[in-house]
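Below: the structure, in structure tokens.
Note that the chains take the letters A, B and C in the order they are written out, and that residue 1 is the start of every chain.
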Amino acid sequence: MDNNGIVKLITDLTAKKIDMQGKDFLLTWEKSRDELDATFLTADILRSLRDANISPRIWDSGIAVSNFRDNSTRTRFSYSSACDLLGLYVQDLDEGKSQIAHGETVRETANMISFLSEAIGIRDDMYLGEGDKYQREVAKALDEGVASGALPSRPTVVNLQSDIDHPTQAMADFLHLAHYFGGVDKLKGKRIAMTWAYSPSYGKPLSVPQGVIGLASRFGMDVALAYPEGYDLIPDVVALSIRQARESGGRLSLTHSMDEAFAGADIVYPKSWAPYEVMLKRVPLLHEGNQAGLKELEKACLANNAKFKDWECTEEKMKLTKEGKALYMHCLPADITGVSCAAGEVAASVFDRYRDDTYREASYKPYIIAAMILLGKFADPAKLLASLLERGQMRVAGF
Amino acid sequence: MDNNGIVKLITDLTAKKIDMQGKDFLLTWEKSRDELDATFLTADILRSLRDANISPRIWDSGIAVSNFRDNSTRTRFSYSSACDLLGLYVQDLDEGKSQIAHGETVRETANMISFLSEAIGIRDDMYLGEGDKYQREVAKALDEGVASGALPSRPTVVNLQSDIDHPTQAMADFLHLAHYFGGVDKLKGKRIAMTWAYSPSYGKPLSVPQGVIGLASRFGMDVALAYPEGYDLIPDVVALSIRQARESGGRLSLTHSMDEAFAGADIVYPKSWAPYEVMLKRVPLLHEGNQAGLKELEKACLANNAKFKDWECTEEKMKLTKEGKALYMHCLPADITGVSCAAGEVAASVFDRYRDDTYREASYKPYIIAAMILLGKFADPAKLLASLLERGQMRVAGF
Amino acid sequence: MDNNGIVKLITDLTAKKIDMQGKDFLLTWEKSRDELDATFLTADILRSLRDANISPRIWDSGIAVSNFRDNSTRTRFSYSSACDLLGLYVQDLDEGKSQIAHGETVRETANMISFLSEAIGIRDDMYLGEGDKYQREVAKALDEGVASGALPSRPTVVNLQSDIDHPTQAMADFLHLAHYFGGVDKLKGKRIAMTWAYSPSYGKPLSVPQGVIGLASRFGMDVALAYPEGYDLIPDVVALSIRQARESGGRLSLTHSMDEAFAGADIVYPKSWAPYEVMLKRVPLLHEGNQAGLKELEKACLANNAKFKDWECTEEKMKLTKEGKALYMHCLPADITGVSCAAGEVAASVFDRYRDDTYREASYKPYIIAAMILLGKFADPAKLLASLLERGQMRVAGF
């Protein structure tokens, strides 16, 4: 993209009515449609600047806190990459290394790590009913810290995956779709099948499917949610998504047949998750460190999963989709039949055909995260981005 | 603070007679009064520059080594923040990850990590008689490395907590006091009660109270040190502090009554620590990995602690202080009665009233650390800081 | 070195015929002599720029991935220092923290960590037959990622130690030799004794001696490889080194006598390693996690080692070298008799005399790594380096 293209995107951004400064990015459904669009645009502008070798570095110094309460490779790298792109140094808040485990309150820690911090990324998706709550506790403590004068400015909290939503994933997914179909507006009327798929593992979080339906329902899409009986998502999130779908001129239908969801789909997103009820049962067991109880729950859950091995994204199922050519999506890593497991979410030949697409899908995440941070910190992001373009500092030195 | 205010601070700094370049910051009592004041001034200047959106970045590249031999959240973040503010990249020397455990000598490691390093922060406070010693071993190895030409320049060693002193904490505490009372010189004659307090834990290091009395005794203050019989600090540090107090026109009194110490105090610092004798006994047990011995020592120690549950900073005790309004201080996290434990160092209502003060107290630490590094590296820090002000590079890009 | 000296080095670099852009640095013997010389020159230029306080920072932002599958202090710091010098932020790919252990393919991970990455450093030397293979798998995945458009550019893979070669070590060793003897060309005809030495440990990798003979044999040197019977290196590497030695106008001789190797040597490199056969036997045991089997192998191996305690670099042996003044080399840490162990690779008095030399030897590694990254990324490195010199940005702010 040449500089005129970037100027055009900045002009589009200027037209969006947003109120994001000083706010966190926790759930996509707390953001207006203009705010979502502004996030997409900002991500595209940052990527275009980088591609044009114009540095989008905003901070000459500054800390970005990385708080991963679960393992992660891709989100960790996306976050680091995003922060580094903007000039922030990532400091891990590793609870193994820290004193948090020794009774230190969230309130205090939130302040202690934030004296020179601009952003705090938190991943906490293991405990249903707790991840989002924890992120809001941190956010509240930061508000108080600013009010009391302890903190010079309010770091933006970015949800890197909670029990409820996975907005950096879902937003990256839909920016990928926007590019694939030629614009966010082209998503209207498209059919997306967000379906459960079989996996020989258990306890996969609900935040990905919830994030996808919570966001797909904003764009007037035909959202087909499908899962075997019993594999419910958080009821409130489904209800909200149905409401949103209606309001945006689309619809959300629920079925217990993968075939039905795939029928005529433009996009399929087959992905395993654990039933809502199981996730609920797991929480006290995890807290107690009840290994025997967890083992038993896992055994029962895997046995139940095994009844639904036909929930696999095969070539046959793909033929049911629109012209047999639906776009396959996955947050990765996928359980690929015959590759990463004997039987899994997707047939190897299907995955092979779409591998590059899933990689491109993932490539948007660093820019989405960078956009979320930037929009949380600046009142006039369009003007800021225009000034970066004008500054024209090279990201890579050259001649 | 506007630029004139910053210029004023730089002028004040110019007037201080200091000899800090090429030296480490290990114990406050190795620094002259002018050098302490220069550290406070430099910290204030760095903070003011940042507040005015003028980047205090000095290094375009450079490594700061972070060597934490104990767990830490707040000091770790303070160190990272300080280093990043100056442009240094923090590389952890994590002995779990490294080969140090395999017989590599301190001498060699000190050199191997320092080829492109500007600062080395070390926290080593667990083993009485060893932390400070280790820091000096590293420092000596660095001197030799520079002399032999292996190292291009001498990294500054900053004591991030040793068995003897915790200078980054104590200096931050007193910069907080300077701001609270309107200047370092206003501390003269003020009464500070550094007292032991009950905690249901054991083995807390001596470096905080030692750091506080070792520094308070430099400013002509009335230092009241109080602890139950048997909870001695390192005798040499107390003797030195008494001497210093006298020399600075103040005094240091020792009592075994919390009430006596609180009486008329302008400042109270109630904080638990383990008796010197216990810390001595622990060292061989820790080295042997003697879990049974440690357990037994802990049991005896906790039983003894429990005799002094009335050493709590309650509302009643606060009424004994000057107009009942002494400033409460703590290095955090505090053991708060009814919050983090059933009975602890401080009553919840007292802590609540002073929470913001303790957060502000902590907020000085990153700047104190940055000042220590800067002063260890540059012969004419005032001139350097003036050049940063003149350069006027924005820390956060804007328009 | 003044700027004219730097210009001279850049001119020398311009004369080298190289084809390194888009290529990785995995084995020195995959690089032409001109490419090795270009790497030495680039390392010297980067060091000279830094010494002259001219920042060699190339990237305003960018990620360098650090993938250490083994413990490391010195290489880890060298890599961080190199990356930071060029402006890259180091993000650890810690397989303990990541999802790799959960069946994620190398292919996918290589792409997921590379969206904004410029370099990937990998250390994987534990499993004979696997380290180099793994590095090539990563490299292939990156090629595919670039071809598919998932990756905006190809990160350079740098071998930070594999089962076959340790090019950053060997190249640093020889840059040290070049400086010691007054130029790479002065190495022609010099005798280097790469000999096994006794150590009370086992399982030390083969990559250091293999790296040394694989590189020494490029410069027309007289390479004396010596080890007790049974302590073979990988046969292919020895065969290749013999061929290379002949082609470069030197020779490689193999002996089972340390004295014979030391006789008349200009340089000695006494260093322990495990026999090739033992390393082969270890691989399945490591994969199985067969602790009993590993223990047994260790026991047998240590017993065999103990037969060769006279393979120690003593004062007596040093007298056999050229005028008794051969340069002693070691990659560190060395097993020093009476210091780090009762009996080891080198006598304390010998090590003492050469300690500073070994530290200087190590000091080249960060610059060698930085040179490898730079040469892998830029088509015209000489022009780039000239532009950095002209830019004249200070590394350390001053006045």
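Just so it is clear, a contact is a pair of C-beta atoms (placed from the backbone, for glycine too) under 8 Å apart; a residue touches a chain by one contact, two chains touch by 3 or more.
What you see is a predicted model; the values in this text were computed from it and never measured.
Taken as a contact graph, the chains are fully connected, with every chain touching every other chain.
For the self-contact between subunit A and subunit C, the two sides draw on mostly distinct residue numbers; the shared fraction is below half.
In this assembly, the C-alpha centroid of subunit A lies 40 Å from the C-alpha centroid of subunit C.
Chain contacts: subunit C has residues 57, 89 touching two or more partner chains. Touching subunit A in their complex are the following residues of subunit C: 57-63, 65, 89, 91, 93, 97-100, 102-105, 108-109, 111-113, 115-117, 145, 148-152, 383-384, 386-388, 391.
Those residues of subunit A lying in contact with subunit C across their complex are 50-51, 55-57, 68, 71-74, 76-78, 80-81, 84-87, 89-90, 332-333, 339-341, 355-356, 359-360, 362-363, 365-366, 393-399.
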